[in-house]
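Scrolling down, you'll hit the structures one after another.
Note that chain A is present in both complexes that follow, paired respectively with chain B and with chain C.
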Partner chain A sequence: MAKLLAIPYTVKIQKRTYITRKVSISITFLSLILAFLVVGLIFIFMGINPVDVYYHITMVFSSPTLLFESFKRAIPIGLAALGLSIAFRMNFWNIGAEGQMYMGMFASTGIVLLHLYYGLIPDYLVMFLMMLAAFITGGLWCSLPAFLKIKMKVNEILTTLMMNYVAMYFVDFLIYGPWRDPKGYGFPLSAPFPDYAKLVMLLGEFAYTGLLLLSLTAALVYVILKYTKLGFELKIVGESIDTARYAGINLSKVITLGGFLSGGVAGLGGLTIVSGIIGRLRPRASPGYGYTAIIVVLLSSLNPWLIIPVSIFFGGLFVAGDILQAALKIPGAAVEICQASIFLFIIVGEFIKRYRIMIVQKGGIE
Partner chain B sequence: MSVEWIEQVLQLTVQMGTVYLLASLGEIYAERSGVLNLGLEGTMIMGAATSFIFSLAYGHFAAIIMSIIVGALMGFILSILVVDMKLNQVIVGLALTMLGIGLSGFITFPEIRKNLLLRLNPYLPQEILATQQSEKLPEIPIPLLSDIPILGKMFFSHNILVYFSLIASLIMWFILFKTSIGLTIRSVGENPSMADSLGVNVYLVRRVTVILSGAFASLAGAYFFIGFHPFWREEVTAGRGFIALALVILATWNPLRAILGAYLFGGVETFQYRLQLFGLGAQSPYFLAMLPYIVTIITLIIISTESIKKRLGAPASLGIPYSREE
Partner chain C sequence: MEELVSLRGIVKRFPGVVANDNVDFSLRKGEIHALLGENGAGKTTLMNILYGLYRPDSGEIFIEGRRVKIESPRDAIKLGIGMVHQNFKLIPSHTVLENIILGLKEVGLIINYKAIGEKIKQLAESYGWRINPSAYVWQLTAGEKQQVELLKLLYRDAKILILDEPTSVLTPQECKILFQALRRMANEGKGVIFITHKLDEVFAISDRVTVMRRGKVVFLKETSKTNMSELAQYMVGRPVIFTIEKKEVQPSEEVMVIKNLKAFNDKGVLALKGVNLTVMKNEIVGIIGVTGNGQQELVEVISGLRKATEGSILIDGVNIVNNSPEKIIKLGVAFIPPEPLKYGIIPNLTIADNLFMKAYRYKPYSNGVLINWKTIYEKSEELVKAFQIVSPSLSAQARSLSGGNLQRLILARELSGLIGERIPRLIVAAYPTKGLDIGATEFVHKTLIEYSRRGSGILIVSEDVEEALMVCDRVAVMHDGKIVSVFKPGELDIEKIGLMMAGVEIAST
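== the complex of A and B ==
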């Protein structure tokens, strides 16, 4: 067994010094096409006609109503991705966007229920407080692992991942327990949000408000990363933590604050789910938007502007999944396959962009 | 609380814990050699799906063998991407998990299942196609030993994979700490460039351990499905692969401690269901479900202290790809 695995060829990998923009973009597109081809092969193996699947996916992006629906899904994905772009910039592997979104949902629903049950807050303040609470709660949920990383060298990958589940079960607990709507016939749903707690202020459609919110956040993230001292420090921390230390950057402050911003923006994404898409809180309200956001960030190479179209694309995939399930009786997992396949091919593509691969026979010319 | 009740709970604890134990055994080796296999959850669910389909098509033996092969294959893919291409272990692992969840999701639909089954075995009897119900692995009580009160039920009346998991953890502990192979694996995880200069093929060692972790994770999935809970639904493993990942840390990369940790987590989960049966604490299941994750976070914090880290032998270069300086 072990002998077999010692492949008689060595793969030599050299760093590329230069790559043109054209080549880089075409590699990305090539990986996308390859990803869909591989997905097609999987469909054929499962006895599904891949052309049907492709047709439904393209339909999502050509029909106005469905595209509109994709915009809606893109908003939480995009916000989570914007949050992640801050964390990834400083080389902080936050894979807890899902949990931070759940904390955002928890906080914004909490404000609504405080208002509905106790009437502590005037109507016009509700939305503002919801946003604030979602941002702070999501932010705190992420600054804890950031703090643990810088103070005690705790691996952030595992803590953020584990905290996703803690957040999800916490929301489950609230919804099956104290936050269940007393008038909801026992369904695990919170009370429906009143209109002023919903993100439908612009032209009566959530998609517009959401896109505006998304673009504003993207602009803000862009400005913070590019033009502020914090953004500069985040970048240095991301390049080398030792350099940052020698440069006299206050590491614990920068990393904790960066984590806070990252989780906060993801928390806002959670808010858009409950007060935009659903209009109330329910368990498992996010079908993995937080994980999709990781693909989105990598695909848009941390560029806040690119995140918007890329998340619309992935939002569209989610819509396509629902349609496939309804129209063709294909499991929703079909979308997950597309996502995973795109994910894998994109990372391999990134590798090819950075390195030149040469296959050399062992014992040959060294 | 009668004796039967206690016996039943303990038996279920061990059966539930075996899922975590099997998955964590391979992962311990992978992490000891310096690779974090975050694709554990995806590999596990693929194992469950494979065992479902193959147990219907060709029976239990084929199901176990095939799920091991599928898991090894997923481990192989991960090893190419992570060890040879040095891609980010977190990202590749997550991608593989998504892939596993997506691929296994297909068989949720009976039509697709039927297509697959007929493709695998055209002579499949009609009644299996109609019911599509997997049989559970048979329990093999060990004579005499299984008659001991409490302990008999707890350790000696299970299916073959439970016994296997216990024997495997003993053997794997022995190999890891008492043989030169184990020393090699640990040295690769501790200081790969040193190991390389001593003539160890770092890439080969990591490739093998990652494939091993895939095979074990997949076997854990197969055990979970045909050995414990043979009813398919989408995302049937429900994040148990991530709990196994947590268990590896709780066990501080030691196969023997993994047994204790696995039964602890298994016990928590069994208790969760038992409490619900009693109607006790309608709120508590969610907090109990959080427990493994919270325990892990606390363990992570404790073992991240420099002195404790040294004493427990946490692999120093975990998650860092090795590339030879040329």
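== the complex of A and C ==
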């Protein structure tokens, strides 16, 4: 009896050996469409017309002002993702771009405040110094877990993730404490940045200057990964630590340095938040750009050039979230649920690209 | 005679290759059937199809005359098919008994350890094995682990036993025990498929032999009606020479002197217990021994991958113990590592990347910061030609190469003098022909002999005693972390060497 009732099919998951570009792109689009359908369902349950929601989301990518806003958000996301692409290349699972960005914000704001207070250097050097400080501080924030990993085998996923909170609360402490603007009516904000400390120079607008900075960094990361000794070493370390050791590669040096560069670029991303988007430091200045960057870099399959358009798409999702809250009075949590659903579908799409899911007949005597 | 298995017209394609091209194969009740062929001939693919790991693109499978469909190993096990893989699939931290009953539904919720243990013991004894069911698998020798794998199948009443190159981890003595047990199983009416690429084993154990080459069955006969050279010819498609011409050279200076070397293994147990060994210029020294007696640790210490706790290794008079691999590489020590795919080769990277995994950091391939890819590609082109590496292109992934070509790639990287424009002072080759087919093995042997005659000192670690006796100028037997005997090929007979490897007899020479 049991034999008769048994379902004669089972599910089998098999790793794909190859996949064509066409199939890969159509899977991504299909998962996006499915994601939006599911998001629509959620909105229907909330009593909101999903067509309105779709309309506002498409607006983000069609209206020039909103697209412009998406560019701005894309810049910190993209920089963090570029940083991560270095770490991920050496198989170092840096989940800490968020914290490294906060350290970048801390360092660049620190330079501004020091300059406002003591004014020891000419104004035009401040931006350069801010970048340097943001890069080094972000870099050190990431090379510590890298060093711990290679010397004491501490899992980097845990350390980088934990250090996000340390960085975030450290910035909270500064803003609620010593760095609170005395002229700010008690709000937890730093003093506003003067113009020379804002990323508006050159092209007069942060979105342009930022995109330029993003493109230059992408080019630099591309060159480092493809044409330098370090890039080659990162690649080998990423493929196999044992082989890297066998090939005579200095693992502590390469991993610590790779971690430093990774965190440094993310630190620059932090700088673009305070001196580009906001113009001052405030608590929780990043709405999770550093985490979004993880999805961005995986979707771009570590390709520095792909990171830019993908960041713009995700920047747009952040803008869309703000618009939906403002225009349709949708609660922030609902918007986050939507964003999360979209992420989830994209990740499932990536899984399907790598594995074939088959329903096969159970075997046995025919 | 009753047919247990009949495979008819099996076709299996992988991207770019036809691994099985219309293959027929049969196994009779009570026979040991050797499946012979070079690596990449399609033997393992065929057996993986029978075991349900792959699905054939076309063809039919009959078990005891009934047509069946095998979608997974679970189906295969239900049909009485069992397979012992080359790398054992046991869980080291579990006991023998636990490993054997793992996945068995009949055991029930509450395990009757006593009864099952008794049954396992009896089963083992009936084949002349002494296995303690409550021993942990990590405590067992390779031979015992294999016995547990077989017990696992026998406990499930498997009638069709597939063994994939089962002797590669065994001493000569352990091989004998295995062969006796297999014969007994055949006498009980089971069928045994014995995958191998060693000709002598075919004659030692099998009733019939099927030879595969390039995905096709090219030969099938009763073993008693054929001979070694006929089989070898079918296997490689041309006559094979079993001996190697070696020019006599007088070793002159000492290249490497190892004194009282001690080191721990990964488990923190002393694996090298005072090794003493010298390798001269122009000389090939072979280390033989049962796997796990310190060979791995020794080559790792020499190449700087493992720390030594005591002793010295002088390379041209310089002590390199506990130096970084980079320094040792720079002194001219080449290292052909065991298991190329584990750390000798990165399958996802290109052939050029793999060729320059070590030399990329030296001039003229790098200026200290940037890598000179143009020079690297030009040189790679040259190396691919010189070492006859068959590859689609330099920027193809290394995973697209066959085992023999991967070993050629490693030889090209290690021997060709990319670093410092000179041939290596010392070549450490760990199991350089393991898993290679006859053609590739020949190439490796010839290349190593050539380099020794050109002036390198060579240390080969091998588990194949006959290979060592054929290729080396001197042979050292390693047992329990020590070199127990050093002799020249021809001085000792193989029986005695086997006993020394097993630690039974300490040499008097």
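Basically, the second predicted complex is superposed on the first by the 342 of 366 C-alpha atoms of A that agree within 3 Å, B and C clash if a C-alpha of one lies under 4 Å from a C-alpha of the other, contacts with A are read in each partner's own complex, and residues count from 1 in each chain.
Here is the rule we go by: contacts are C-beta pairs under 8 Å (C-beta built on N, C-alpha and C of every residue); 3 or more make two chains touch, one makes a residue touch a chain.
In this text, all values refer to a predicted model and were calculated from it rather than measured experimentally.
Of the two partner chains, chain C is the only one that A:Thr243 touches; chain B does not reach it. Legend: residue contacts after superposition of the two complexes on their common chain; A:Lys235 is shown touching chain C, with no touch to chain B. When the two complexes are superposed, the chain touching more residues of chain A, out of chain B and chain C, is B. Once the two complexes are laid over each other on the shared chain, residue contacts for A:Ala333 go to chain B alone; chain C is not touched.
Touch criterion met: A:Tyr18 reaches chain C, while chain B stays clear of it. By the document's definition of touching, of the two partners only chain C reaches A:Val360; chain B does not. Of the two partner chains, chain B is the only one that A:Phe173 touches; chain C does not reach it.
Look at A:Met163: by the touch rule set out above, it reaches chain B but stays clear of chain C. Across the two superposed structures, the residue set of chain A contacted by chain B and also by chain C is empty.
Contact residues of chain A toward chain C in the complex are 10, 12, 17-18, 227-229, 231-232, 235-236, 239-240, 242-243, 245-250, 360-366. Per the touch definition, chain A reaches chain B in the complex via residues 1-2, 5-6, 11, 13, 42, 46-48, 93, 95, 148, 152-155, 157-159, 161-163, 165-166, 169-170, 172-173, 176-177, 291, 294, 298, 329-341, 343-344, 347-348, 350-351. Put simply, chain B touches chain A in their complex at residues 36, 38, 81, 84-88, 90-92, 94-96, 98-99, 101-106, 108-109, 111-112, 115-116, 119, 201, 204, 207-208, 211, 234, 239, 242, 245-246, 249, 282-283, 286-287, 289-290, 293-294, 296-297, 300-301, 304-306, 319, 323.
Contact residues of chain C toward chain A in the complex are 14-15, 52, 66-72, 75, 78-79, 303-305, 324-326, 328-330, 335, 337, 342-346, 348-349, 353, 357-358, 360-361, 366, 368-371, 373.
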